[in-house]
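Before we start, here is the structure in question, set down as structure tokens.
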Amino acid sequence: MQSELDERAKWLSADGIKDARAQLPILYVEALPVRTNAAGKVVEIGLLLRAMPDGSISRALVSGRVLHGELVRDALIRHLEKDLGNLALPILPNSTLPVCVTEYFPDPQTSGFHDPRQHAVALSYLIPVQGDCSPSQASLDLAWLTPAEAIGSLTASEMTGGQHKVILTLLAHAGVV
Amino acid sequence: MQSELDERAKWLSADGIKDARAQLPILYVEALPVRTNAAGKVVEIGLLLRAMPDGSISRALVSGRVLHGELVRDALIRHLEKDLGNLALPILPNSTLPVCVTEYFPDPQTSGFHDPRQHAVALSYLIPVQGDCSPSQASLDLAWLTPAEAIGSLTASEMTGGQHKVILTLLAHAGVV
Amino acid sequence: MQSELDERAKWLSADGIKDARAQLPILYVEALPVRTNAAGKVVEIGLLLRAMPDGSISRALVSGRVLHGELVRDALIRHLEKDLGNLALPILPNSTLPVCVTEYFPDPQTSGFHDPRQHAVALSYLIPVQGDCSPSQASLDLAWLTPAEAIGSLTASEMTGGQHKVILTLLAHAGVV
Amino acid sequence: MQSELDERAKWLSADGIKDARAQLPILYVEALPVRTNAAGKVVEIGLLLRAMPDGSISRALVSGRVLHGELVRDALIRHLEKDLGNLALPILPNSTLPVCVTEYFPDPQTSGFHDPRQHAVALSYLIPVQGDCSPSQASLDLAWLTPAEAIGSLTASEMTGGQHKVILTLLAHAGVV
């Protein structure tokens, strides 16, 4: 099933996705991997370094499309594994309710969140990981920061598309701003 | 702007949407219109009567697609107006975070929520209305029920696709089950 | 620190709490322990069997007061350990935002949630456990049920104070009603 | 009923509350009054100016205790009316679930939220108001700010006890940071 979906994704990303992107909002999941202490409190957050749609090399969330026929939970697992490796041991939330809904538009003014390729609507989650994370595939690096570092101005300057505001929202929800 | 989106929606629903539906999950918003008392507590809920994708005439939520380029807030307003008329005076939420995310699949077993036409992912809201609601366009009727009636077995039997579970979730969140 | 709080709790419950209960709402945490599958979905829920404030022997949530000077997170950990033993390995949420706020009153009519001893306001959580749970101290038994069993009428008949509605709300939030 | 509760509050604040504050966490509600546009988006927020528990004159949220026997909804209404006058026309939320739970301690280090008088646990809400607000009773002034001004460093410097972080969390939830 998983590989069939991967196949379909590959095919669709090659060609058909271009048409779809001009016609429909594309559903995404995005996740901020975090390390928590025994009481559940966020102590570190993980940020990828990757080539972004706007051409920059930027700090970024785990992110990707939900495929046709795929559950949101399964899309989350697939993208966490794709970006963090299969030893990350993420703890999936017991509800699919995200922390926020993030609307990316080709026009940076529409919502303040920007994706030059498409209109994408992301369900944004904060996901604790218990294992070893290694940046994989399209990611160049994975850095662990404290919440204070993550919401500082330096990190904001290294992110694009408004993702530092997603991180701020996720960390505010977790009570660590 | 609105009419331009309407035009695009019409065109897309005529033809291109058929292809898109076979390739991508389609993003929806759905809303349960409610009347609240002065303290904000839900006292009545509104259910449409309409021809459903599965061919039945059923009780249903306000529901519809998010268009390309359209904000979730604007999609909510557009569909509330389409289904309840333009005198409904809905109070839009100050956050776009829904109460739940509902995943409809062509296969009724995948998630327990069923849409024979497509894989649709809905952001599900509970929306207070302050004005006069009149069923419009595709809706045959609008009935106002108490929360207790809405979660009773009779109403469940009049709904399809799992929407009675969405209503249960929305009303549980509102503290009136 | 923990034992100091326990001491204080003991003393307060002996005498001073009686006065406080007549003057102030008492802050509680309550938790539904659950087992989840690898995708985070709830597959089983745990219900205690205990002597309740109303004199009945009933199915119940993990529950208890937040002490003076105690963080909500620490109160959750303390009561989970008290009721499930110290091998339960609960996964504490990364946000202290509960799933719902439950207001118990001496008068069963005020809110539909009843505690004959006091006005108690509970922050209600759903907490995955990864280890071995054993009912301890005041609990007579711990039963594991499927979500469907948990929201069935039999279980409702075995619960008092409105707690079956709390369970319904927690499970609706988790998408398993 | 309301006046009876007010009487009880007065009496308790005179004397008994001192004992209770040393023994139990005190349950509060706090609210950020906001003005929204037709789409529900927050466009302005209201901040009181008042004498704070720490002796400073600071910008502050609407805030106050939940009384014994009082519903959370009724406490919210009472404090909104007390601080904003009875023409404010607040729109109470349809769920009592707050946006966040804020834990204030006499020791500023415990949680980062500080109340020198007591351990207080607040349910924190964002409340749209539709009418005229006038600072009343203990408040010296009410200022309306844009979200950007509200989360700026100047406003933060005018707030104490960590309340600027509560405002940041409420506005992040509303999608306007």
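A, B, C and D are the chain letters, set down in written order, and residue numbers restart from 1 in every chain.
Assume a contact is a pair of C-beta atoms (placed from the backbone, for glycine too) under 8 Å apart; a residue touches a chain by one contact, two chains touch by 3 or more.
As the structure is a computational prediction, the values presented were derived from the model and not from experiment.
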Quick check: more C-beta contact pairs at B-D or at B-C? B-D
Cα superposition of subunit A onto subunit C: how big is the rotation, rounded to the nearest 5°? 180
Rounded to the nearest whole Å, what is the centre-to-centre distance of subunit B and subunit C, using the mean of the C-alpha atoms as each centre? 34
Rounded to the nearest Å, the gap separating the Cα centres of subunit A and subunit B is 27
Which residues does subunit A have that touch at least 2 chains other than itself? 71, 95-97, 100, 173, 175
Would you tell me which residues of subunit B are touching subunit D in their complex? 34, 36, 38-42, 71, 73-74, 77, 91-97, 126, 128, 173-175
Can you check the complex and tell me which residues of subunit D touch subunit A? 100, 165, 168-169, 172-173, 175, 177
Any idea which subunit C residues touch subunit D in the complex? 12, 16-17, 19-20, 22-27, 66-72, 95-101, 103, 105, 110-111, 119, 121, 123
